[in-house]
Amino acid sequence: MADLITTLLTIAVAVGAILTTVAYLILLERKLSAWMQDRRGPNRVGPFGVFQPLADGLKFLIKEDVIPARADKVMFLAAPCIGLLTTLLAFAVVPFGPVNDQPAYLRFIIAPHVDIGIVFIFAVTSLAVYGVILGGWASNNKYSALGSLRASAQVISYEIPLGMSVLGVALLGGTLNLENVVAAQAQGGFWQWYIWTQPLAALIFFTSALAEANRLPFDLSECEQELVGGYHTEYSAMKFALFFLGEYTHVITMSFLTVILFFGGWHFPWIATPGSAYVGAWLVKVLVLLSKVFSVIVFIMLIRWTIPRFRFDQLMNLSWKALIPLSLANMIAVMTVRQFGWNRWWLLPISIGLFCFVGIIGVSAKRAEIRHRHGASQGAGLHPLGGAGI
Amino acid sequence: MTAAADNQDVIWVEEPEIGFWEATFLPAIVEGLKTTIRHVTNYQPVTQQYPEEKPILPLHYRGVHRLNRDEQGRVKCVACMLCATACPANCIDILAAAAPPQWPDRDKYPASFVLDELRCIYCGMCEEACPVDAIELTHIYDLTGTSRNELMYDREKLLDVFDQTKDDPRDPTRTRRGRLGPAAEFGSLPTVAPATPITPGDRSAQAPAPGVIHPHKPSDWSRKPS
Amino acid sequence: MALVVEATRPISAASGNRAHPLKNHMPTAIINNQQIELKEGERLNCIQAAQRIGFEIPHYCWHPALSVVASCRMCLVEVGEKKPDGSVVMQPKLVPGCQTPVKDGTVVVADSPKVKAAQQATLEYLLLNHPLDCPTCDQAGECGLQDYSYKYGRGYSRLQEPKNIKPDKDYIGDHITLFTDRCIMCTRCVRFTREYSGTSELQVVARGSDEEIDVFPGRPCNNELAGNVVDLCPVGALCSKDFLYQQRVWWLKETSSVCPNCSTGCSIQVDQNDDCVYRLTPRTNPLSQGHFMCDQGRFGWKYIHAENRLTFPIRRKNGQIRTRDWDDIIPSLQKALTKAAARAPEKCAAIFSPWMACEEAFILASYLRSLSPKFRLALGPVRVAGEDDTYPKDFYGRPLEPVRFTIRAEKCPNRRGVSMVLEHFGSVATMGDVVAQASELEALYAVGGDPWGWLEPVQAEALSRAALTVVQDIFPSALSEQADYVLSGGSFAERDGSFVNYKGLAQEIRRAIRAPDGARPDGRILWELSGRRGLFSAAAIRREMAEAIPAFAAFAAGSLGESGVILNEHGAPQAKVVAAVEK
Amino acid sequence: MTLTAAQGTMLASVATSAVGMWLALSPRAMRLRIIGAAIASAALVVAVTALDGPRGALDDQILFWLFAGSALVSSVFMVTSREPVYAALWFALATLGACGLFMLLSAPFLAAATVIVYAGAIIVTFLFVIMLAQQTGYTFYDQRARTPAAAIVASWLLLGALLWSYQQWQNEPVNVAAGPALTADANPNPFSQPDSEATAHSMRALGRSLFGDYLYAVEIAGTLLLVAAIGAIAIAPRRAEGTI
């Protein structure tokens, strides 16, 4: 019974913390965006706009809640709930602090010791696309429907490289349990972080995570210019807020996963190691983890204003022609290394080599295409790009 | 179309051949990140805090209209309706009447002059069209109201705008008995300031003077095919 | 004038004496290097001859209906003569084109630099004292001075001295005001009152720079044709008090129509903007009245915008208003009429107003006859006021011959047209019969339309006793107060149709404005009542009429043109079709 | 052979549920369809109770009935739903119910994999097809289908056979060669014995079973799917031919 109460308390604290964090992350993102664009950002509500999230929340609550006349009401209402619920559900197995040697109330995870932690996260987050696709379909709006179709195609496509890039880590650690993944990295120290042996997987994972979370540069499902907002065009007030919260929670989850899988979780040399036994070490570890996650989130925000949005065919090309083969190759490399018991450091040059190989293939393919086009048009006696090229 | 016409009218842009690093996107991403991070670390906002800081508008700004008074304080308008004719938004509605007998020098005056400020597009054509310089656009830009009717400005309201603005140095009565005053010569006068003040060293406005359109140089961004 | 004739006569005489090589030589003149052929007995001046080739010689004082004075000097042209040997002798000086007849061999040059210089100089003189108050001038937009200054003027004045400003004369007549300083002394108005109305109220007083138009003291210009001087004035000097400052003329949309106020049927233009009529102006039509119109017609349209017009239809039952909805009234009226016609066809009657258009009369008559061939059709009262008023008159008001303009005593536009339609349908009753038997009537369909009232109280009282009373009118009357059905119709400016005037000229009236809310053009009411599909089309009805009624055979084309069509005296099938003004 | 009471109840209720389902699929009256769906669901529940219920703690039992019931009801709705999108969503719910049962059996990997494969990718693809395929109304063959009766007969025969054999198997609990062990507390299979050192034993057992016991079956099934995918791509009309 005590277990149940602590679990419920942890759920309440975690969900509350996440939602508050999301609110303030939105403020941070708005501020950061403003700074990058030489603007000031929200600064009207409270000093430096710190109460802006409260004002936004209030606005969402008291705004008129519109349901389009011929929308499918049940689905229309269910969609945002599914969207937020699934992303929150994924948090159940994410250890946001040290796990093992803590009392129950300090274990920093809702559902500890789930062997299939990563798979669970993928399973649950893959359900998030239901919120998107149902929202788009139930709105009875062709732009929304297009947005949701795009979103689902994108999410399905990027789930594959996302999962396969994680498999390398799972194979190296021999576990899918996130706590064990962290523990394995922490035991080996700084150079045991999987980023060193799996840089390619980390890159693929991060890219796919951005796409999974519908973040720029992959937010094709909601691009304002083409789809007037995408699947949430018809959503207003709290329902829109739920979608938004879901999206941001997804970002947080993915940041946590990036840190846990590739950047050693709560581990940091000299400060937070498995051996550090000073008073409040658990707090330091939590802070280390959170600051790592925070850095990743800030990086995602920076990426948002750095890279322009992909075109849909580019997006699909990137996934199917680059990320999936690369992650497959990476997985095979890990399997080979494990099978023959080679030194794991071989994986670093292999990763770099794979990356270069794909780069070279890309360049030469592009050049060949251009050369071919030139040859064809000159052969036809036309202007370059004039005839067959266009 | 002949090849010669091609060369003149159409600039052929070839797809650039990208190298290995470009193909990996990494340099571009790093470059972009550098730019964004530089803006965050070297933060110089250009936003104007509007209600606290009022903008200094250029002299040619066109805001709310006013109906000028002549030397005797009468409405200057003669109800010729040229402004209503010139108005592309059809926002001016004038009812003319014979001038009262105590105005011996006038034949006609506007019995009612209603200008729909919401419908107006502030193009200034009425000002251009007015043969007696009775209607002018002022610098008042913060026009708000709680109903549509409130922003249907009638003759008295427009005359009130004149009384409010005639002593404003930016809104002098631009004419003196048919002769244009100095404020009317937009062409030769320097503007008081650009619409938005520019912080010294602002990158977005550094190289050229604001508002200057540069003749573009095609050679910069494209190569003609050999 | 005499001088010019003196100068030209020897030359023409000489050419006449020479034996012409071609016997059947058509007399030809050359205008701006273009040949025109002159018909036998045709008397043209240079302006008219130039109009033949589509060239405009500017003029102010000349008007086709008035005598020639050649006072404005705007039409100065070079005139010469082509000798039989081919050589051309030009007169050394410019001559006024309005005063110079064109005959065989006349050569007119109206676009030479010399002419242009003269036009510029003339305009500069005309504008010397003309105030540039175009913004406040009502004429702006249709002003001869403005137009010619753009086309022929020099663009600026070299006058340094102050202009000669004369005080305005507010009271030239009840309808006319004079802005003295705008006058260019063309004297068209003076000549009009002398030659056309004969009343001679207007006069040029003083001389030189003091010259002014004025009336004799105590004798204002109030004759029945006085309004025409406003139209005649090429500048904004004479203005109509009725229209003064009402609207800028460039906003007015013009619709060709016919004046409904008497059976003369003057061709007019209805000038309106935003569904509001501002003025009527005469339209030149040699088939009907010529160039002018009378003040009764010119100012007699105000009822169109009267407050008390019928603006909604009514269905009453036991004196209570049941509905005001057209969609409800038309079907129920159809049902009621059908029932009445089935019950007692001989006790059904209709009164047709002489204000109806021919098409409306036709639809109604054929509809009622289709209900029952025994339906009695009667022509309503034709209002006659006094006797025909002819102009010109002499100083004492006695009419003079030859008559140039007539205001008919018959104050309705289409008595003739409606009776022609009724004659076709036969068994025509008189209004008196209908009134006498009114109390026995099963159904009475009365069409009004005369804005000045058409029923005596006794008649109204009698008619309202009919079992089913239908009134179609534009104003409430004693009858419409009690009628079972009141159909709110349209005025002449809101309808499409045709009027036939006293001498059988059928002209189209065209819809200029929309009827007020709830009122509908009579044609549309009847079109729907008769169960036709689609939208009312006067042209379609005219084609139908041309097939059904021989007297209206001239309607076969659908359109009657700008000038109208003369139906023959008794409506014979060989009615003559005149499509356009003969030039 | 003679039927026991339990077997008789089971077979009777399966037959009843088949009739109920046939009613539920009737295209005509709405009331008829609701009654049919109710009959079918109730009869199926009865059929299931004829088997031995779940054993264990009360909360486990509650959860079992919750998941099983939702899976059952969802699948009935899936079959009877007239709106294809709703059918797809009911399918997703049925899958989730099945996943819940997997979880109860301490097979979380299987549950997660089912969610990923079915509820995630396949259902979304299904939705895609539905959305792109039928935009306006129903085609005539959807309005009057001849297949329900045949489909019900076939599937209910299969269901009856399954339940029958399962009941038989349940009645003879000690049968080593009964089948592969998918769950931790099922009967041990000599090839899928968990290693003593393994912590993630269920996964390992599953892997052993799939790629040890049934390697050929799995590979053949995979090849079949691959062939099907390639065939679908080949059959699908080309955009260049203007058919899309």
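Here the chain labels run A, B, C and D in written order, and each chain numbers its own residues starting at 1.
Everything below uses one rule, namely that a contact is a pair of C-beta atoms (placed from the backbone, for glycine too) under 8 Å apart; a residue touches a chain by one contact, two chains touch by 3 or more.
Just so you know, these numbers come straight off a predicted model, no measurement behind them.
Novice: More C-beta pairs touching across which pair, B-C or A-D?
Specialist: Contact tally favours A-D.
Novice: Once you find the CA centre of chain B and the CA centre of chain C, what distance in Å lies between them?
Specialist: Inter-chain centre distance comes to 49 Å.
Novice: Roughly how far is chain A from chain D, centre to centre by C-alpha average, rounded to an integer in Å?
Specialist: Result: the chain centres lie 32 Å from each other.
Novice: Please tell me the distance, in whole Å, between the geometric centres of chain A and chain C computed from their C-alpha atoms.
Specialist: Taking the average C-alpha coordinate of chain A and of chain C, the gap between them is 82 Å.
Novice: For chain B and chain D, what's the span in angstrom between their mean Cα positions?
Specialist: 69
Novice: At least two other chains touched by the same residue of chain B: list those residues.
Specialist: none
Novice: What positions in chain D touch 2 or more of the other chains?
Specialist: none
Novice: Among the residues of chain A, which ones contact at least 2 other chains?
Specialist: There are none in chain A.
Novice: Have a look at which chains touch which and call the overall pattern line, ring, star, complete or other.
Specialist: Contact pattern: an open line, chains touching in sequence.
Novice: Which two-chain combinations qualify as touching?
Specialist: According to the stated criterion, the contacting chain pairs are A-B, A-D, B-C.
Novice: Where on chain B does chain A make contact in their complex?
Specialist: Residues 3, 6, 12, 14-15, 17-24, 28-29, 32-33, 35-37, 39-40, 43-47, 49, 202-204, 225.
Novice: Hey, which residues of chain B end up touching chain C in the complex?
Specialist: 78-82, 85, 96-98, 106-108, 131-132
Novice: So in the complex, the part of chain D that touches chain A is made up of which residues?
Specialist: Touching chain A: residues 85, 89, 92, 108-109, 111-113, 115-116, 119-121, 123-125, 127-128, 131, 199-200, 202-203 of chain D.
Novice: Considering the complex alone, what residue numbers of chain A touch chain B?
Specialist: So the residues of chain A in touch with chain B come to 32, 34-40, 302-303, 305-307, 355-356, 359-360, 362-363, 366-367, 370, 383-386.
Novice: Which of the residues in chain C come into contact with chain B in the complex?
Specialist: 133-136, 140, 168, 179, 244-246, 248, 250-251
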